[in-house]
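This report refers to the structure that appears directly beneath it.
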Amino acid sequence: MNATFNLVMDIIGTIAFAISGVMVASKKKMDLFGINILALCTAVGGGMVRDVLIGVTPPVMFRNPIFVIIALVTANLTILILYFHKKTTRKSIESLTTQLLFIFDTLGLAAFTMDGVNAGMAVHTGIFLPAFLGVMTGVGGGIIRDVLANELPQVCVKQIYASASIVGSIITCLFIKYGETNTAVILGFIIVVLIRVLAAHYRWDLPTIEYYEDKQK
Amino acid sequence: MNATFNLVMDIIGTIAFAISGVMVASKKKMDLFGINILALCTAVGGGMVRDVLIGVTPPVMFRNPIFVIIALVTANLTILILYFHKKTTRKSIESLTTQLLFIFDTLGLAAFTMDGVNAGMAVHTGIFLPAFLGVMTGVGGGIIRDVLANELPQVCVKQIYASASIVGSIITCLFIKYGETNTAVILGFIIVVLIRVLAAHYRWDLPTIEYYEDKQK
Amino acid sequence: MNATFNLVMDIIGTIAFAISGVMVASKKKMDLFGINILALCTAVGGGMVRDVLIGVTPPVMFRNPIFVIIALVTANLTILILYFHKKTTRKSIESLTTQLLFIFDTLGLAAFTMDGVNAGMAVHTGIFLPAFLGVMTGVGGGIIRDVLANELPQVCVKQIYASASIVGSIITCLFIKYGETNTAVILGFIIVVLIRVLAAHYRWDLPTIEYYEDKQK
């Protein structure tokens, strides 16, 4: 896996998750500063978890401010754009933010999943560790975002969210073993995005166990 | 501490916490996939926290898939059993799940506490570090489960939960210093279970500071 | 940075955050044990996060029980004081706890921010890493406290909270580079406290993006 490629994945993921952080924070009516913090935690959280898990300390984000800068610039541009759309009707804004949140969350998931797989491959060349690290890196930032926003993590309630990351990770690991790395990563990225988009479009759902229906609020 | 013994503790803890994860997730009406994720986080979370804290990176669960497999198999068997009990009345199901949650949470707490004590003993032979690491490993998975489920962690509201782990840890550490390790661990395991069961049975409770009674919802 | 100085900062931070943990826990009506656990997590959480991030494993708090003891003694003294003030009117108690929470949260933030900057300086002599680590150490304990108490972290909703830590960190880093370390740390400590106190007094606020006004509960 060449370094440039890895960098591109990291930048896509950082931008995408920073935007998704802004969306969740503005839904929670956080102020400008709170929005920046949540955007930053979402954007660099996945990478931080990845680094701590593979023993890269201090995490890369602490040593190289580039991703923090990208996250903050992205967040504030997003805030500006949202601010100047205030005049349009509320309905269209809500629909817009929901769509944006979906698109960027999906891109971020795919990019950071691939980033985690790469980091895992550098440590250990099996299938399990890189695949697992891919999933943890992919969903880590989003979990931190949702926990800080005091919400049930999306990864626990939208089943296709994590499964897209899992399937993409495993396929990428298999391809890296028996093929060319860059192709494998692009393929994996596309698979993650595709599964998540198809799942949302066709409303793929899994059954729930429903005992508590009436009792729980 | 011989390795087989440690493995047995880890397996008991993994199975027990996977089941407790399923119980909490199904109460939160998560779907099949969300239940699996919560079960997995609960089951391997304590061990992951332990490994990160003692600098074992990547954590064991990333390098050896056995505990992930055990957790997932356990979770899905539990889901199946719950599913086929759907026909019985809701009352009996709720009472059953509450009891199951208690039993498995207790076994998991005891097993992972002992596991953490062992891991701590390998790093440092004092009393404080192994005892503290025992408690962190014992309650870590449950905290992750409750935080992800957007609930107040049980460890903060059920005082006998953590204190069982603390007393068990300290006694085990003392016994390991002046006796035979395996006996100490079995003894510690029994002490943790016993304290928690007795506390629940006799409803041992500690006073709370009650200023906010009327005001808080 | 001499070691005594660092120790003093750590002790101030530990005491301050232990008290803030007691305040939040008693608002959540946790019992005596739950209050102790939340106080402990708040007090040593920031340092634990700092150590894990810079690869100091096991974290200092596991190897040296002094901070755990300080946190627990502080917590229980606070509980005692609160308990014997029960007879005064509820109004005055609430106002008292709110003020205490503010004062100790501010002192803890300042002390741990400086502690993080020092730890960061020991690892890397740039500006970015120590400043970032200062902020993470300063806000880490409070985030853990709020996440465990199932609340929106203060750091996300009170914008001046984190910005006080950020400004203090950066100024301290600059001063350490071009001046004397102890003076820089005392200056940084005062700056963090000053910004937070002024912000609270003059009710400095940043605008929020308000789309969801009517819809959100």
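We just call them A, B and C in the order they show up, numbering each chain from 1.
In this section, a contact is a pair of C-beta atoms (placed from the backbone, for glycine too) under 8 Å apart; a residue touches a chain by one contact, two chains touch by 3 or more.
Molecules present, by chain and UniProt name: A, B, C = Trimeric intracellular cation channel family protein.
Quick caveat: nothing in here was measured; it's all calculated off a predicted structure.
Shared contacts of chain A and chain B, meaning chains that touch the two of them, come down to C. Annotation, chain A versus chain C: rotation angle of 120 degrees from the Cα superposition, expressed as a multiple of 5.
Although chain B and chain C carry the same sequence, what matters here is overlap: shared residue numbers make up under half of all numbers found at their interface.
One simple way to say how far apart two chains are is to compare their mean CA positions; for chain B and chain C this gives 29 Å. Shown for chain A are the residues that touch two or more other chains, namely 52, 55, 147, 150. Partner chain A is touched in their complex by these residues of chain C: 52-55, 120, 123-124, 128-129, 132-133, 143, 147, 150-153, 155-157, 159-160, 162-163, 205-212, 214-216.
The touching residues of chain A, when paired with chain C in their complex, are 25-35, 37-38, 48, 52, 55, 57-59, 61-63, 65, 68, 79, 82-83, 86, 90, 93-94, 97, 147-150.
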